[in-house]
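Order of writing sets the chain letters: A, B and C. Residues in each chain are counted from 1.
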Amino acid sequence: MSETLDLTLKVWRQPGPDASGRYVEYKLTEISTHMSFLEMLDVLNEQLNEKGEEMVAFDHDCREGICGMCSLMINGQAHGPDSGTTTCQLHMRRFKNGDTIVVEPWRARAFPVLRDLVVDRSAFDRIIQEGGFISANTGSAPDANSVPIPAPVQETAMDAAACIGCGACVAACKNASAMLFVSAKVSHLSTLPQGKPERDSRVQSMVAQMDLEGFGNCTNTEECQAACPAEISVSNIARLNREFLRAQLCSKE
Amino acid sequence: MVTKLAEKQQSSPSTGGKSATKWIMTLLSSSIGQKFVMGITGLLLCGFLVVHLAGNLLVYVGADAYNGYADKLHSMMLLPVAETGLFLLLFAHMALAFKLTRDNERARHISYQEPQSKIEEKPSVFSQTPMGNTSGWMFLSGSIILGFLVWHMIDMKLQLNPTVDYDGKKPYGIIVDVLGSYISAPIYIVGTIVLGFHLSHGFSSAFQSLGLNHPKYTPLIKKLAIIFALVIAVGFVSLPLWGFFIR
Amino acid sequence: MADTANTVFNSRVPDGPMAEKWDRCKQEMKLVNPANKRKKKIIVVGTGLAGASAAASLAELGYQVESFCFQDSPRRAHSIAAQGGINAAKNYPNDGDSVWRLFYDTVKGGDYRSREANVHRLAQVSNNIIDQCTAQGVPFARDYGGLLSNRSFGGAQVSRTFYARGQTGQQLLLGAYSALMRQVGTGRVKLFPRREMLDLVVVDGVARGIIVRNLITGEFEKYSADCVLLCTGGYSSAFYLSTNAKGSNVTAAWRCHKRGAYFANPCYTQIHPTCIPVSGDYQSKLTLMSESLRNDGRVWVPGGQGDQRRGNQIPDAERDYYLERRYPAFGNLVPRDVASRAAKERCDAGYGVGSTQQAVFLDFRDAIARDGRHAIEAKYGNLFHMYAKITGEDPYQVPMRIYPAVHYTMGGLWVDYQLQSSIPGLFVLGEANFSDHGANRLGASALMQGLADGYFVAPYTTSNFLGSQNLPDVSTDDEAFTEAMANAQDRNSKILGVQGTRSSDSIHRELGHILWDHCGMSRESQGLELAMGKISDLRDEFWSSIKVLGQGEQLNQNLEHAGRLADFLEFGELMVRDALVREESCGGHFREEHQTKDNEALRDDENFSHVSAWEFTGVGNEPVEHREQLEFIEVPLATRSYK
């Protein structure tokens, strides 16, 4: 029932943030097609450990596609070949016997490599901290049903709120732009009535931080949307642009 | 970084608003603001292209029509103003193109071994080209257009094309010579085809940059962009083809 | 020392009628004046629902907060994975819900092993949670009129579950995370991601700081504070295979336990019935499929043993819809523990399906025939998609294969009504404490508890603690810090020093097998005794043959894992011991010796209406059991029946 694969991996190995890295080739045999991609890497690591080589470091946690911790550029594609899928949900049945698979870390100046395939995505947190919230101190909230929100508005907000913060959009964009990520949060909050009071300051601060972190600019090539495991739409980027212009042109700040 | 928000929250909310220069500067120094300017200038240039093409297509009507149009144009008092404006648009567009392209190259300082697109249906003719995903194709096409424009200025403004005899000729005579020139014709053909590619992405991209996106009309804009790019490219490319081969 | 210390615990439950206890408690609390708040420092370990909400709320009050998590961002805590929803007693659907009914259901659902007063408070603040989250922009599902919509969940008779598609945990966590990040922006919260807590520092009997390892550089760091909040989640990963994240651990709680915090009811684990079964021995985790599937899917196994046919090729006459057969009233909707055990019973009897024969069918054929594929797709499309992605099978054509998996741990560090552990100054919130779910947690109530603790309980009770104490300043140069740091460092160097032959994964898997086989869905004394010995042997093996390469002063994921495993190996024994001494069946704890004649759980209220809170006495030594007697005044004891 279960088939197996023999594979060649070319994995980026880099001992530390300031060290230089290189691709190292590994051969794997009898990989079950039912394995997830990360389980395949587990197998590799077990074998490396046995041979006395240090394991390949890669980020992961939930392994069910929601925490956004896993990453990996697999054969030049963020999260591998499947659309709407994180690396942890990618399965080996997607590959063929004899395949060579190149595994690289996310590459962006704003996401420096820490070790092997692990990168530092704290830039995202700093963007959120500048405005990716609604200021509502604990205890100050009115009854949840006091402001009705039309279902379509709700749906739009939810679509955008589904972002898992993985950074695949940055990784896949030829300019390493973070616009999809930022636009998802701005869209989520600015479409909801609760988010309106801070609408202008939010978008201005978040965009300023995004620029400061050294992400590239959006050239509307839409690779981010194709790579996004949460299927965030680029229409959010247009909304971000709109919100930003509106804030610049109409607000008092 | 940490203090920015803290400061913001401590300082009393501004009542009078920022000074004009300040907000314009923030706008223009932000990535989105710059893209906004890119988009506006790009679209205005597109507008110019339409007018320019319409005027040029008069060569097919005949010498008189074309000369009439050219004379009228040159007798306009505002022409220098319009030309300066046009030049400024182009200059702003280009300056930002250089700046943004440089920023983008920096943002991805190390490239992947073999990046592969995950887009299943390519949105524009432009990105269906093999170079669709290589970094800076817009920049490359833009640069080719720039080269073409420089030559176009040498031809028409400076009148320095060695293969054209400008002396005492009416505009129609000049344009016919230029279009038939073995230096200019190939440059014009390549330049305008590349312009078409530039626009097949640029036209719809500008709407996105300006925040004009809606499920109702965005698909339309995308189709329109292709049509627009085709019309402009075919329209312009027909001129040197006609000048060089048919005439 | 005596084996069982029948200590009378001071659980600090206030007097007075149940409905007034929490208000009364708040009235009696000490306050900290605003100017002093700025001088008080609070450490919050964990950024899940409990930790993020607590850190944000405390910072809003004006305290200096330091927030820690082992992931690269606070937003990735495992609360993010919760799918189903969160309960609250809003009674928006007008179907007769109330604070009292939510309280009652939760006590009953917990099989009468939780502290009534805590559960009542949980039900009381549940409504505030929904308000708070909505104000933060959590996009809960709404009706066409724009008002919030509810669904019924986990067999509840009222619709009280709020949800955001299948991503409720994610949306709630992102709400708490955004509140937290807002405070980071103001400078009142300092964020320390990629830090793993490796020890608690106790000075003069009070929790005053923590030791963490910086997971990027490998350096050890000391942090001091006026109190410590532990919000580090559950320990299901002891079983290796569970629905928890790979990084989930017992380390933080266990090290606090070793410093004197009592561990309560460690054997109470919840096994969730609808997970995707194990497909091979490389499997690294199990994926949960929302319980809501049982609303339309029918659970069955083939009537004959060892049937290897595909589900859709087995005719009706040869199918055994065993849940419907055994529980005609509730059928496929029996509670989690009951459904899980029934599946295990069938598989153990040889009726399991799939290549491993450790699975049962969950079949949508009839639902699709009744409502149409489209309707089923609208309800469960994303789950079907996920199933197809993981298994490579099309659940619209072939019945799903499911099997129970470890999912949630009701046990945790013992806390009093104010969520303070047995170490003053150490507060424990969320899944890491033992407090509200008794022996079985109802669906959609863990999210509620995490946020209740973080938003609405801990901010009061920690203030009360800080207001009533006159704590001397403490510096990280204090002896206690030096000792704790050396202790933590030492443990890591020891692991690196073994340089043996076995990988941490292989030992962890082995531990998982032991726990699953003997301390999983059903337990009996012989097996438990056996497991105790096996775990202790495995622990010895760990310390003599673990192989971790690389250095300590670098990002070393293998070292992290080995460190967590070392703690699971100590903790596992306590879990088994707790299961052994609890000579009854209740909720998720099923002792084969204690069942009715139709194999249902048999509680022993006379002898076991208590919390077992264990005191550490040294690795390998017998711990001391303290008992907190539970009283059921509002919800009289009764037998759960789902027949």
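Definition applied: contacts are C-beta pairs under 8 Å (C-beta built on N, C-alpha and C of every residue); 3 or more make two chains touch, one makes a residue touch a chain.
Here the structure is a predicted model, which means the values were calculated and not measured.
Of all chains shown, A has the CA centroid lying nearest to the centroid of every protein CA atom. When chain pairs are compared by contacting C-beta pairs, A-C ranks highest.
In this assembly, the C-alpha centroid of subunit B lies 59 Å from the C-alpha centroid of subunit C. Averaged C-alpha coordinates put the centre of subunit A at 33 Å from the centre of subunit B. Taking each chain's centre as the mean of its C-alpha atoms, subunit A lies 27 Å from subunit C. The set of subunit B residues touching two or more other chains comprises 4-5. In subunit C, the residues that touch at least two other chains are 184-185.
Counting partner chains per residue, subunit A has residues 129-131 touching two or more of them. Subunit A contributes residues 1-2, 15-17, 32-36, 38-39, 42-43, 45-46, 49-50, 52-55, 57, 59-69, 82, 85, 89, 91, 93, 114-115, 118, 120-122, 124-125, 128-145, 148-151, 154, 157-158, 161-162, 164-165, 188-189, 192, 194-195 to its touches with subunit C in the complex.
Residues 10, 23, 73, 75-78, 81, 83, 102, 104, 107-110, 126, 129-131, 172-177, 201, 204-205, 207-212, 214-223, 226-227, 234-235, 237-245, 248, 252-253 of subunit A touch subunit B in their complex.
Listing the residues of subunit B that touch subunit A in their complex gives 1, 4-5, 8, 14-18, 23, 26-27, 30-36, 100, 103-104, 106-120, 123, 127, 132-135, 138, 201, 204-205, 207-215, 218. Contact residues on subunit C toward subunit A in their complex (touch as defined above): 53, 56-57, 60, 71-76, 78, 80-81, 90, 92, 128, 130-137, 139-148, 164-165, 167, 170-171, 174, 177-179, 181-182, 184-185, 191, 193, 216, 243, 245-247, 279-280, 282-285, 287-288, 355, 386, 389-392, 455-456, 459, 503, 505-506, 547, 549-550, 554-558.
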